[in-house]
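Structures are listed in the sections that come next.
One chain, chain A, appears in both complexes that follow, with chain B as partner in the first and chain C in the second.
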Partner chain A sequence: MASEIKQGTLDFINHLPILQVITPMLIAPVLVVLNNKTLSWLLSFVGALACLLISVLLLQAVSDGSTLRYYLGGWVPPIGIEYRIDAANALLLFLISMISAIVLIFSYSSLHAEIPEDKHTLFYACFLLCLTGLLGVVATADIFNVFVFLEISSLSTYVLVAQGSYLDRRALSASFNYLIMGTIGATFFVIGIGYLYMATGSLNMMDIAERVSQLGQNRTIQAGFAFIVVGMGLKLAMVPLHVWLPNAYTYAPTVVTCFLAATATKVALYVLIRFVFSVFNYEDSFVNELFFLLLMPLAIIAMIAASVIAIFKQNLKKLLAYSSLAQIGYMLLGLSLMSQKGLASSLVHMVNHGFTKAALFMSLGAFMLNTKNIYIKSLKGLGKSMPFTSAAFVIGGLSLIGVPGTAGFISKWLLLEAAIEAGYWLIAILIVVSSLFAVIYIWKIIEVLYFSERAGSYREVSVVTLIPIWILALFCIFLGINTSLTVDVANIAADVLFN
Partner chain B sequence: MPIELLIFLTVFTPALAGGLNLFFSKNPNVRDTVTLLGALLTFYFSANIFLGFDGQATQYRLATIMPGIDISFHIEPLGIIFSLLASGLWILTHIYAIGYMRGAKEKNQSRFFFFFSFSIASVMGISFSGNLFTLFLFYELLTLITFPLVSHKGSSEALRGARVYLSILLGTSIGLQLLGIIWIYFSIGTLDFVRGGILNGSFGSLELMILVGLFAFGIGKAALFPFHRWLPAAMVAPTPVSALLHAVAVVKAGVFTVLKVGVYIFGIESLSVSGATDWLTSLACFSILFASLIAMTKDNLKARLAYSTISQLAYVVLAFSLANSLGILGGALQIITHAFGKITLFMCAGSIYVATKKTNISDMQGLGRVMPITFLSFLIGAISIIGLPPMGGSWAKWFLILASLEADKQFVVIVLLISSLLNIAYLLPLVAKGFYLNAEDQKEIESYKEPSSFVWLPPAITASISFLLFFYVGYIRDFINNFGLVG
Partner chain C sequence: MKHHLILKVITKFMVGVIVLFGLYVQFHGDYSPGGGFQAGVIIAAAFILYGIVMGLENVQKVMPIWFAQKAAAIGVLVYALTGVFSIVFGFEFLNYHAISPEHPKHGQHYGIILVELGVGITVTFVMIAIYYSFAGRTPRLDDKEW
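Take a look at the complex of A and B:
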């Protein structure tokens, strides 16, 4: 193992980047061999905890602005594959590992309601592969490796979404739809990589970046960039390439929805960020124009239109899915401002929204465990019979709206500040308007929860189910009061990416 | 006790009392006694802050969220006055609420008292906020916590009213106020309240005018036209809520924020030099007259009082817009005297409702003779609102008139006089009809009597205080002047 940064080949910290990715990958086949439902849950959970531990260590190691590099098989880049961890992806690795650990606690008590028991082992194996893919996409500094891991995560996601078919057969068509769209996206992405390789002859991000700056204005590279933006636009559900998302979120099992909503689209956005700043030249006029003329308007349309659509949805999972589209709009908007503040706000919102949306989807899942129904009417009066789940939902909802004291407020504050810094007053007002729409659709649910007559007699879900929900809800508050984890790291990350 | 501990206790005690409400929900007597104790303690703590105040405006930082954005507290004369007012009136309102909620047999009483106590906690947080961010935090909290109180009845009418309430209050604060706060933070880098303001000429005159607008409209709780609709809508709440929250705590939190932002963020000096508030003076005058005229058309007593409140709140916005020290003094006095006057009126309206289930003024003829204490209290409160001696309210108007002369805006004086006449026209007929006219069915009227002493005593007390304020207003003026708020 050659490492230029830290001496000593057995130094544990040097191997963390690869351990982060292969831990879940190695556990996945073991589950299939053991074929035991409880054991596979336990092993997945242990794996997720190990990932979490590794990601925390990584975050600590790079939170001073340094970079950890790992050469796969000892091959020095640009020949070999390199894993590179800096503040930006360490933050994402932490988010993904944390959410997966929390989601796995939830699945222990909720999965049997949605998937037949003999399929649990395969489910967990798929889940771990999906986790591997997401972590790999984030950790690697090799663009073809990004594609490989993206496909690992996507293929396992299609399977995971289709698992919802035991409750509702529409999950199959949702999954198929996602498969088609996702594959088109991946194809665009790989074509883009091909163009880059054609022009530069390299797959390593740093290496390409150097050669791109030497080439100057180059049609091949611009075409490659355009393909990559469209491909990732599909994966991150940028309006109007979003059509796969609402159905996939709605019909997937709750566990999967929580996990995807909190991580998958963020990872795709991260790839876009990484390409803009570490592969291409963000000061390039083509990149800037593309963001200013194309992505920014699309982000604003998503912010407003998806919020308005969410108001009229009766199916709660769909409502939250459309709200996710709007929130992705915020993140894309922050990025397209092309400023350090905007980028930081985008990164912060990835984490904050990850926890917020997971809390909302998970408490929704807890309601569904009781009511077996995802329509708003089924929640009537549950505020009284399921006080703890409802309270967690309210906290998540307030964070989504961006009430001060919650995580959502911090990201909204940063985004507004970035918009004002750039002098876009109109955009600042549109951000505010969009969050007022969030008030409407969240409040619609809260009213039904607390101020309608009880529809049936339900009991509060078990403590095991409540624990993960409340971990997420408390995160929504904690991240609104202590921002050293999010804002400070995101500022360092934005600094690293800009220089 | 050290000041920071006292500040913490004033915020924490009502919250704790609220939590205990749920704990003792099975036993209403214990629950209500505990809350009463909480109210007394909160008042005791804020009185201690008042007594221990030496004019030093130290910032007590609790937590730093981002650089320049802290949760921090400080004490200054306006905040002390507001906290004393809210915690003192909470004691009386709580006693009244016990009688009212039981008398009117309202459901979900524990939930009601739980949120009631919590809203007082956030009012305490507002009064001692050390910067705009903390103020905004508690301001939003107050909106959210009072929502279940407004929608308490759970009927579709109550829900509709509560929706208007929430959407206007959240809409203005997120849509306008937050923008203003971020703009200031972006330009200045701090949000701390500092005597004399923090803007220091960083904003041009047009920008300053926009910023004033963002706050004047963004502080929706001040109910300035055209964002006043929430106040009448909130009248679907049980009367104790209308009395304490929508005559005192919530609306006063609004105008208190207006004054506080004026004095400690804008700075009255720079406001008066730049003339950025001139347009606001006209708008506030319009709001005063407009709301009074609408109040005259309302037959529902609570609706009439709600519009009267809108009109009276605009006095404080007017005080801010005059941008001189006499105006700020007049505004502070208006906060105090209107609180006592209006809470009296609302509690009287509530006791009429508990005793007779009547809500319309036209049905109340002849009622004064069977409920003399209630109607006398109403009369005293009304005179104080109108601003006639010998009631406290007259001083607020006095200083406002002086302030408008000092600001060289004579038309304001005329507006204030017309408004007083309008107040007479819509407040006093109730008392006159109650005492002098006979109802069509006087037998039915005579079957009513004063409700329990829990209900009629608190308004009698607040009415007496309105009267006493007339003689002791000098102390308040000295308190504000001595500590250099406006000197």
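Take a look at the complex of A and C:
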């Protein structure tokens, strides 16, 4: 221990990795102490904006392929906890902070329709804790710290989903299901960490990676890897483990659905990516076979089956939830191709799908402010009475399908390229087929919106509600035209992860 | 005072002892087994015991729900602000050297006490809040129905 230190030497800039995580964590208890509805919203929004600013600064700092390291408490790893920011997690930090800021604008006008006013303070506190957890999972380079933050985000997520019970009591059972499944997932994950610790005696990702490569073929590590894949599979809703997702997304308040759909599953997928590339050896035959024989078929089943199920859903939130499962399939497929291009497409799709799905769920939320329910028949003719919301929904839908000029096109194109490059022609065809299913279920909604008789007289929602929806819709177009933010950073990230 | 007289008398006596022992575990956490988490649970156990024996209304006169909620949040703040203190003085988050740069050992000592205090406060009041939310759900038993 250096006893010579008389004064701290770190500037504000050095602290960015930790400030990213503790900003929302500091605000959450303040909200509970103050217990004021309007102030809660304001402080949460300011906190989310601060997070956004920090994540942009971080993204700039690492976009040249460099890595920022931060030692908590001044303890040097592998003893202490380390936060390590590179292009891959900076991109995710940006996505999470951006979505949380936009979603909070939306909650200002929509939350009172879904949750009684005396619960708003605690709702925002929970939201910020969830944000803390997600940011922490992404920022940290210590595998046990990943587990802790994962639980912070999951526990607050269960509470947030249950808040939908003021509109529909089924939110409670959905939340309980999610709680059971999520906890099983977390248990598997922590068992996997236990195996890794048993075999290597370390919790720092970089340190473990070094020791794993020295150990060679090792049963303990393989078992640990299998546990971690299953645990994360539950959290990211990989297809046979997805049962919690549709109901949780359907019955949660719109604000929560937007936030979760855009971030939570992506963070779990990021953890999987991080473990494959930064902890385990991705060239290892066990890892490769697991991805080729298990995850790739599951991803393809998700792409096709979930899309088909989505076509037949009458509840639109559930429809989009199933479509989310299919989109998770694309991301998993990109990862399981085990190539630099595939990984980059997976990362790009995380961001693009995040914005797309948030735009779709948010415009559904705006419809719901008027119609009070979200069945397809209640949207009849809303294209005329709510033109701006409907237009935003159409843009989001086009991006979900992958029409050129939208964000979805970029990532699907990259995925197709990666699949063809790897020689999987059949998979490339299946990607296109799955997109055609997306055309069917999006068209089904557009038809009802624009080509049906008006069911009731509704007015367009207020401008405050339209602003966040249109920010997201414009992002869907912007990311489809300007790819420097997503594709370039994702390529650098894939490069960093592979080397 | 007719029913469970012995329980009630013993409880009144024990509550003080339990809290005292909790505080001992809290502040000796850096020398001996213990610390904020264990101390928090012990102190909360005193309140929960009082609530079980004397009834929920009586314990909530001493410890209202709103107070438990806010105090739990304040505990988190104590912990987090200890970390922020280090950042303000140019050290890493939760680097206790910042508290006493001339004597790093003292700094470490004070730092861990502060952090454990935050943990202790939060655990105490979260435990109490959990007890309240479960106990508040069941219909209250009348004294004669025992």
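Heads up, the rule we're going with is that the second predicted complex is superposed on the first by the 491 of 499 C-alpha atoms of A that agree within 3 Å, B and C clash if a C-alpha of one lies under 4 Å from a C-alpha of the other, contacts with A are read in each partner's own complex, and residues count from 1 in each chain.
Going forward, contacts are C-beta pairs under 8 Å (C-beta built on N, C-alpha and C of every residue); 3 or more make two chains touch, one makes a residue touch a chain.
Being a predicted model, the structure only gives us computed values, none of them experimental.
**Student:** May I ask you to decide whether A:V33 touches chain B, chain C, both, or neither, giving the answer as first, second, both or neither?
**Tutor:** Once the two structures are laid over each other on A, A:V33 reaches chain C alone.
**Student:** Kindly classify A:I180 by the partners it touches after superposition: chain B alone (first), chain C alone (second), both, or neither?
**Tutor:** neither
**Student:** Name the contact category of A:M25: first (chain B only), second (chain C only), both, or neither.
**Tutor:** The answer is second: A:M25 touches chain C but not chain B.
**Student:** Is A:H15 contacted by the first partner chain B, the second partner chain C, both or neither?
**Tutor:** Only chain C is touched by A:H15; chain B is not.
**Student:** Would you sort A:V439 into first (chain B), second (chain C), both or neither based on which partner it touches?
**Tutor:** Only chain B; A:V439 stays clear of chain C.
**Student:** Could you say whether A:M198 touches chain B, chain C, both of them, or neither, answering first, second, both or neither?
**Tutor:** A:M198 sits against neither chain B nor chain C.
**Student:** Identify the partner contact of A:L72: answer first if only chain B is touched, second if only chain C is, both if each is, neither if none is.
**Tutor:** In the superposed model, A:L72 contacts chain C only, not chain B.
**Student:** Which of the two partners, first being chain B and second being chain C, lies in contact with A:E421: first, second, both, or neither?
**Tutor:** first
**Student:** Touch check for A:E447: first (chain B), second (chain C), both, or neither?
**Tutor:** In the superposed model, A:E447 contacts chain B only, not chain C.
**Student:** Residues of chain A touching chain C in their complex?
**Tutor:** 1, 3, 5-11, 15, 18-19, 22, 25-26, 28-33, 35, 70-74, 125
**Student:** Write out the stretch or stretches of chain A touching chain B in their complex.
**Tutor:** 398, 401-405, 410, 413, 416-417, 420-421, 428-429, 432-433, 435-436, 439-440, 443, 447, 450-452, 480-483, 487
**Student:** Write out the stretch or stretches of chain B touching chain A in their complex.
**Tutor:** 63, 65-66, 69, 71, 133, 136-137, 140-141, 144, 148, 151, 154, 159, 163, 166-167, 170-171, 174-175, 178-179, 182-183, 185-186
**Student:** Going by the contact rule at the top, pick out the chain C residues touching chain A in the complex.
**Tutor:** Checking each residue of chain C against chain A gives 69-70, 72-74, 76-77, 80-81, 83-84, 86-87, 89-98, 101-102, 104.
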